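Order as written gives the chain letters A, B, C and D; numbering starts at 1 within each chain.
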């Protein structure tokens, strides 16, 4: 791939595309592993009744529910069977995973109950025409419930988590900006100048000018030094990987 | 439905904020919902974007199948061998492939954009002049400061030389530059982070509680 | 209010349509502009093919003379006789145009390689009927090149860097002791693991939001392998929550092998390295929860981080953990510096694995990095001296020197 | 001393509580903070204010919803000023979602100033060409407005042909279209150009102010607040700035408190 950079020919671009595609395809299998990891860690917590196991159950319900919404489309008619089907599905999966994971106990019983519940789920799916599964067309993405969950759960939660930063930035500056030594004082003064840049008062204009200068001159210089350093660090790391000097990622420390 | 949704959203929002006081059951529940729903969301989106569109349509049902994709699929299957302890070592192959390909792909790109281009922009006229040829003292000072900052900053990053004497002083000046940068960027970010909170406040006050100013 | 007062106007439309609709009777008569001259067409340099570059001397009425030229229409045909079709538009004042397409034959405007094309450039005025055409240039074919000549300097720089690295690795292997200055953040890692053991609390290792295709994440894997090995030796717990499934799988492998290296394969628990979700803020929420519930003695953040840097680091402060961070994401370094006890800045992240491993092989590459930095400093200073003190002597050569570093992709 | 030392280790929750309280109060409070008006904003205001009624100005709306919070207040402040001065305003939008932004602003403003007609727009590719072509005649890229009304039949456009017929061009932008306005517009046709930019972009464009290519810059919410101040028309920007400023002051206050505590503790330990 190093060679690829110097070879502009289209064959070389094709090679690059293939490699990127491969990584995506591998990612598909990795995602399966990831989801399995989430499920098994959560189930483990639930089975062993570790502290806060209840919340792991909530996570799993959320996961299955959202996935169910994503693969189904609801047409006209009653929503009741749709939600009953979802609950039956949750229960079936619950018993299956219990059966697969439980170290002691009676795995077979759990799996049998799971099978029974799946049969009920299958019957509902077959006889209820108000909703259908769609694995080959992304109709689930426009499922009303899928969109509602996205709009009223994911979006506000994302925005709120992000907005927590307003508080964290406040507490971090309270705690850390202490004039302990030269370095800490420089950090503090630079931050104060920039933060005060739009305060009203005779010094406002001066501070605004100073903060612009700080952003354009010392800031630019230090960033450039960091960037050059990072560039070399990346090349060195990549080179070590290619030459086989660094095998840490394979666990060969 | 919309009213219901806004109530849910508002309660979840408050659930997250309760974390600021301390970890509590409401936050734990909110977090659990968030993790579950988002993992499900990404799984579905990933399925349709990649498994379906890229792999299924590109390599299986396509008239002009992209057989290369199967290579990726084989590597992906090898990846799954990790589920079986005895042959789990095979899963290192795709892993080595990913890491190796990445390393190769980005090595030169970073060398160019980070190291070479940045060096090129450091090579500049020190004395700034306006169109009339008069020397602009402030700008000249600025370029000098930039030059000093870049040089001392780089000196700071030397690993194999002890920070002593002239070299040590330069490295120290370098850290000053770094600290000024960090302080200034931190201060600069406060405003945008506050805007995020103002946005959430808007949502709670107007959309949910309808307390309009 | 009167119609004439305060008329608000928002006027936009499609260019081609508009030209056809312009009421020519109202517009004043425009004399045809003088045409473009010296039109040349050639295969674009150093590319993947499917591209032809045109150069020309602008019309005498472009920005001068009658100032009537508003744009140049690039016309192309497969034979000298036409018919010519429009393939692009360049604003007045331009002297070059690149007619290129993607390598995908199905894409619109695809230009096959090794096919004859003829080009013509029309100087256009505000009146669509008044244009003047240049002479026809062609035939010309596009083709891909096997080596990008514009990248020679990069090529040599990479070769030299590689040789340097190999050289120093050999020097180090021969047993020459290479000095490396201490890095506080690295030394803290050892202490932190010891502290966690004493307190009987786990160590939280966060890989960030990077994917396996980020070099920072690869660097993080190498650091994780050293940390995991020590953790296994000390028999402390390790928690690695992951954002990306591939990263999770690799991290599991890394931790597992490290436990084997430490001769404690039985202590390894697959569930120590686990996947949470691929939504940035849900991931942050979960990690924050882990911090407050498991109360890790040490939080280590290595890899690519974005807005979550401060959210995690501040929560880590609340849980009373020692925090060590390292990232190459420049915008986030300030937050780690402010909230963490130790921060590896930029390049230090990439050097960390060499430090932790203390192997001559890896230290050798650090030396090569330093030499490269020194070379950059020296070359930049030479460049500055040349530019500032050599004015008027050999400007061409100096620009060449600067160009040596400037690479456009 | 005891009290001062406690300043050093305040629980972060006090910081949070105080911050929320202040923000909520500032959000609802109806007080107005004086803003120091910077020279680069004042020059835009003074230019517009000196124009006689009926003069044409040209406003380019080049931002997307993601920058709305920062740039909308600026557009509103500028437009209200222009309309009160009875200036005639020509709008273009050359960015992807710009027309939507402009449309919203125009609708909101015309609600309050009662303008008779509004026009909407669509996006257009190849902005350098559009900018250059408008230097010849606005009718070249845009023979009609968005609703299809030919420019010639709109009274205010009767004798408006190109940049020579406008007094000033204000580009309110959240992206690199500004570069095109500077080099292809101002650079070629030499009209007075003023910029309204996001806070992050501002520092980048100061060199153009120095080289006199740009006659004024409004930077982010702050610039908008300054403009509102000068036109004596407090609006969105002043509201937002009030919360911003108070929040910044709270943070600074806590930094100072923390340092007082720190020095008190150090003094004692000596």
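Some points to look at:
The definition used in the following text is that a residue touches a chain if its C-beta (ideal position, glycine included) is under 8 Å from a C-beta of that chain, and two chains touch if they have at least 3 such contacts.
The structure displayed is predicted, hence computed values, not measured ones.
Common partners of chain B and chain D, by the touch rule above, are A, C.
Interface comparison, C-D versus A-C: the pair with the greater number of contacting C-beta pairs is A-C. The innermost chain, defined by the distance from its C-alpha mean to the mean of all protein C-alpha atoms, is B.
Work out the mean CA point of chain C and of chain D, and you get 31 Å between them. For the pair chain A and chain C, the distance between mean C-alpha positions equals 22 Å. Averaged Cα coordinates give chain A a centre that lies 35 Å from the centre of chain D. For the pair chain A and chain B, the distance between mean C-alpha positions equals 13 Å. Shared interface positions of chain D, defined as residues touching 2 or more other chains, are 12, 16, 244, 247-248, 251.
Listed for chain B are residues 16, 19-20, 28, 30-31, 34-35, 37-39, 41, 46, 79, 82, 92, 95, 98-99, 102-103, 105-111, 115-116, 119, 122, 147, 150, 154, 157, 178, 181-183, 185-186, 189-190, 194, 197, 199, each touching two or more other chains.
Chain C has residues 154, 158, 161, 212-213, 215, 218, 221, 246, 249-250, 253, 276-277, 279, 281-282, 285, 293, 333, 335, 337-338, 345-348, 351, 366, 369, 372-373, 376 in contact with two or more other chains.
Taken as a contact graph, with one node per protein chain and an edge wherever two chains touch, the assembly is complete, since every chain touches every other chain. If you check the complex, the residues on chain B that touch chain C are 16, 19, 22-23, 27-28, 30-31, 34-35, 37-39, 41-42, 46, 79, 82, 91-92, 95, 98-99, 102-103, 105-112, 115-117, 119-120, 122-127, 147, 150-151, 154-155, 157-163, 178, 181-183, 185-186, 189. The residues of chain D lying in touch with chain A in their complex are 10, 12, 15-16, 19, 33-36, 38-39, 202-203, 206, 222, 241, 244-245, 247-252, 254-255, 257-259, 262-263. Across the complex, chain B is touched by residues 153-154, 157-158, 161, 178-181, 183, 212-215, 218, 221, 246, 249-250, 252-253, 276-279, 281-283, 285-286, 288-289, 292-293, 331, 333-335, 337-338, 345-348, 351, 366-367, 369-370, 372-374, 376-377, 379-381, 383-384, 387-388, 401-407, 409 of chain C.
For chain D in complex with chain B, the residues that touch the partner chain are 13, 16, 23-24, 27-28, 69-70, 199-200, 211, 220-221, 240, 243-244, 247-248, 251. Note for the complex: chain C touches chain A at residues 46-50, 103, 113, 144-148, 151, 154-155, 158, 161-162, 165-166, 169, 212-213, 215-216, 218-219, 221-226, 229, 242, 244-246, 248-250, 253-258, 260-261, 271, 274-277, 279-282, 284-285, 293, 307, 310-311, 313-314, 317, 328, 330, 333, 335, 337-339, 345-351, 353, 357, 361-362, 365-366, 368-369, 372-373, 376.
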